[in-house]
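The same chain A turns up in both complexes below, where it pairs with chain B and then with chain C.
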Partner chain A sequence: MTVINAVPDSPQTIRDSYLAMTRRKRLYSGIMLLIFVILFVSGFRIAEDRNAGGFLDGIGQIFDFPAAMISEAAEKAANLPGHIIDVLPALVETVNIAAVSTLIGCLAGVMLALLATRGLAPWPRLTGMFRRVSDILRAVPEIVVALVLIFVLGGGPVPAAIAIALHTAGAMGKLFSEVNENADLKPLDGLASVGASWGQRMWLGVIPQVAPNYFSYGLMRFEINIRASAILGFVGAGGIGYELKNAMTFGQGKLDEAAGIFLVLFVTIVAFDQLSSLIRNRLTYGGA
Partner chain B sequence: MAATAVMREDTLARFRGKRIQAFAIPALILLYLGYIVFAFDLPGLMSRARLDNAVILLSDAVSHKVHVTRDNRRGTIEASIEGSRRMVFDDSQRPDWVEIDGETARIALPMGHAVLYDGPTVIYDHPDYGQIRIRSDDGIQLDLPGDTVPEWINASNTRVSITTEAGRLSMTRSRTETLRYFPGWELFVFDLSSPFWGMSAGEVASTVLWGERIDPARSNLALMISNIWYNNIWQHGEVFWALTETVLMAFLGTFGAAIVALPLAFLAAGNFAPSRAIRFVVRRVFDFVRGVDALIFTIILSRAFGPGPMTGALAILTTDTGTFGKMFSEALENVDEKQIEGVRSTGASTVQGYRFGVIPQVMPVLLSQVLYLFESNTRSATIIGAIVGGGIGLLLTQAIQTTADWEKVSYYIILVVLMVIAMDTLSGWLRRKLIKGEG
Partner chain C sequence: MLEVRNVTRLFGSRRAVDTVSFTVDRPQFVGIIGRSGAGKSTFLRMMNRLLDASSGEIRFEGRNILALRGAEARTWQSQCAMIFQQFNLVPRIDVASNVLHGKLNSRSTLATMFNLWSRADIVQALDILDRLGIAEQAPKRAEALSGGQQQRVAIARALMQDPKIILADEPIASLDPMNAQVVMDTLKRINTEDGRMVIANLHTLDTARRYCDRVIGLRDGRLVFDGPACDLTTDMAREIYGADESFNEEATSTAMPAANPALHAVRVAAQ
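And now, the complex of A and B:
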């Protein structure tokens, strides 16, 4: 027997308990905010303390280097087109690294995702294991794999491509398996009833459903990978990052070359971002 | 009827198109990969690849070696780990398979192999082959039991090296060196200068709990912790600071960017922007900042602030301001106007309307984006650290570039992976806690 309290609480009690609750909530939010501010400020002071130059000293100098670069580039403006042409092969290499690693990483990611999605996997017991595999691939930063491979394979585009491909495979494995979870399983039943093998069921039943999503994620990854491949070039893998590092180490006198590379890199990144968002929009809102 | 025929033709044409597509796309991919094989010079790579480096890397990552070295000019003999000056055994610490007695040294290798240093003469005793004598006085003379030189001995006038499954002996004019391999990482907890070195875990525990004070100035526990923290070889303290720096870069960069981007996002969102011109300018600024890329910011900022974690944090902050600005303004454009109207109807000012009408709506979305990027920035901070010279990224690149400390490289890699997994877990936990509103 439940006893229902027939007498309703008076408005006063309701009001008091509501205000008490609000106060408590405010207190908690206040404490959390305070903890965050303390962490942030003390963290910043530690970081500043361990930095070579202080924040206030450096803030005035932020534009010194870009200014020096721009003025040197303006002085030798005639050389700029030449520098840009010189750096084009390196740019092609950087874009190739990104493209190959996105392609291979996405293909591996598709496999990982199919093996890791419950309901689709050929070995349902191993789904957990394949999930862990893509978690670990995702967790290893590209630079680690790249540096180790540079030691074994020598410098050049291949270590960077392998490193980015591995990371992409992990990241895509996770994203794609989330996409797969929303796939309709009825076509699979239909295919299974006519005796299709696992590969045929996936290729004819799942892939057509999820391909647009895969493609859109793949394009976004390509944008990320162009940036990653430029950065890895800076630590020793080939491409435009490597050229940039060389131009930077020479410093004064070579700054116009660095400016050219900055420009090329910026234009490339923006161009590929725009291109990919254009394609993705057409995919989402139905083009052809 | 005609309509059906047209439809049939149309359908068949589409089928043909699909069929061509089904072959054309894989064919294009293959063609591109074929081009890459030559563009990246894969055939040449096979010849340039240093597989011996890979073997060194793998074996060194899981084992260490003890060197017994004779300086052939001075005649001194000493035993050390990895041949490092900082890891030389003194007389009481030397392992029992090495006996050094003035000019002579007896070294027992596994599987019945043994080496004897007797002044300038070295005798390698191979149980299946016999005694190999090497003398260094005028050049190096090799004296073998057989007539032919076996393939595991590499000899010239200036250098002899013997590599067997039990160890390695090399001799030049200036030094004689025997290497014995052991599994595991050496001196990981205590270095040779620590009084705890060589004790088993149980002995360490009992010394800490009940033993007499080794250092009268402080307790054994404090001594043990300080010995581990300041371990001369593995530098646990330094490594800890490096990890902290990396996480700090990601934390400051991500949350700093969120703080900067939030007010700017209001200016860039269609429904809040005070004027179209401001909105246009702010949006282009976001696009520019995102386009310029972390690499370029890192370089420019390290010119201004010098190397260190703050520079890395500022580079992440700048790049992510663009990303967050775009994401936040999109989230703000999707808010429900009714709630703002409701708050306004109670007489709230514009700012109060934002605070109580807008922020509660968008907060969960924004926080989840911030936390998501925090995790991925932990990885970026490793790379940026390698460029700006801070954090675990720097230690890692340094360790790889010296090409000697592969055990340290593997240690750092494990730490980086654990750090990223920990940040992933933390950000997932916070997301659930803050957004689904438990607690």
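And now, the complex of A and C:
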């Protein structure tokens, strides 16, 4: 742009400088692509060196486990309904962990978001601090928090729920505050002018505007949390993940059980996914 | 009653409102006129405490309201209602609830969350809507109403506050001439019948002349005119608007219909 502005006199120079700019942009794109390829290849080589096996040697075995599981499940197909019924209580536990942690996490997220949004926060100088708090909460992986809490509290659903709730609060704090940024401030001015307190302004002025979006993000988070809570079962936090870990170990002859669990988990996640997208569509586009 | 002393507001180094002083000793209808950016809105927002002043005093019944903090400032806001150009209602909430918001200051946040309003409050809100001719709109969402109706809901919210002063920040700037007249007539009636002081920012001369007992002219934040509406000559208007000889009063006119049969019907319905 500066080049064009510097020589505004003749069309010829403008054309030349524009073409030069185009060439320069292409060169930058080429360099970026090259850097990307170099990073990609070198990263792959490092990973390959550190692997116990080799990526290319191992890639053939990628289907060994699923194949073993399917053949074992097929052999003992008659047991499958029994396994599925057996794991249902564990599934309920997993969904419960997800539901409790989503609810608590979202409520905390709403507070964090309101405190961290400029123009809404009661203490404008502290918005940065509340933003960092939600950054930290979502930067620490659930599994790390869960492991620490299991060490302190012992295994079970409570540490898992706390771990997921903390992560959810951080993630929702960020998402909700972005939703808040788009809220119309005029109703808030109106409420402030009658002498409403901060809580009243937020509850009556902001929440009605953002609730559909909040709800939609909350439902999406619920799906994510079902998966997260299943995974946390692997580290002893109870629920279906714990059953899956026990069944999944190679060579125990329990792979048919694992297949049953996978099936239940798959159906559950798809069901909640469908349900939540149905509700979200209604919230977003209206309808009954 | 109301004493404004050397009120100044700075935005950076710009003086949006510059040492403005005046006194209002009875519940008059006061119009503030001036160009966009003359400091009219800034002044009203300071009076309602939506904005802090940089210096000066505004005394109402002896108390300096600019010095109030926290809950005291909010109590003042509940006694000093404000009407906005864009109505500033909560769009997704029903009309009656929007009117009830006028009583928020005397309700706890918890009671607000559970929508706990007394029967007396609800009856009062409906009565006020009835007085303004829009009682049948009570259950509708505020966003479903026309601009003129929304502005009347905002006036109803103001009345619900039982205020000593009503501040109106360009109350008719977003309305068509017919609705503008309904709104201005309503404000005038509140002023004369209820004896409440009304201070309205207006950007048209004819509205100021027709409705105001007294007009204050601001130019670049400074008070350049203060007197009865009849003293507002074309020369004076030129001074306030900072215009030269080619100044045309028509440019600041809303062409409000003086005797429009359709409007008369609206006014009758409103009463």
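By our rule, the second predicted complex is superposed on the first by the 262 of 288 C-alpha atoms of A that agree within 3 Å, B and C clash if a C-alpha of one lies under 4 Å from a C-alpha of the other, contacts with A are read in each partner's own complex, and residues count from 1 in each chain.
Note that contacts are C-beta pairs under 8 Å (C-beta built on N, C-alpha and C of every residue); 3 or more make two chains touch, one makes a residue touch a chain.
Source: prediction; values computed, not measured.
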Which of chain B and chain C A:151 touches, first, second, both or neither: first
Partner chain(s) touched by A:79 [first = chain B, second = chain C, both, neither]: neither
First, second, both or neither for A:96, with chain B first and chain C second: first
First (chain B), second (chain C), both or neither touched by A:194: second
Partner contacting more residues of chain A (chain B vs chain C): B
Contacts of A:277 with chain B and chain C, given as first, second, both or neither: neither
First, second, both or neither for A:246, with chain B first and chain C second: neither
First (chain B), second (chain C), both or neither touched by A:234: first
Chain A residues touching chain C - in the complex, by the definition given at the top: 184, 186-187, 189-197, 199-200, 203-205, 208-209
Residues of chain C touching chain A in the complex: 48, 50, 73-78, 81-82, 84, 86-93, 101-102, 104-105, 107, 109, 112-113, 154, 157, 161
Complex contacts: residues of chain B adjacent to chain A: 29, 32-33, 36, 39-42, 45, 48-51, 53-54, 57, 241, 244-245, 248-249, 251-252, 255-256, 287, 290-296, 299-301, 303-311, 313, 379, 382-383, 386-387, 390, 393, 396-397, 400, 403, 409, 413, 416-417, 420-421, 424
List of chain A residues in touch with chain B within their complex: 36, 39-40, 43-44, 46-48, 50-55, 57-59, 61-62, 64-66, 92-93, 96, 99-100, 103, 135-136, 139-144, 147-148, 151-154, 156-158, 161, 227, 230-232, 234-235, 241, 244, 248, 262, 265-266, 269-270, 273
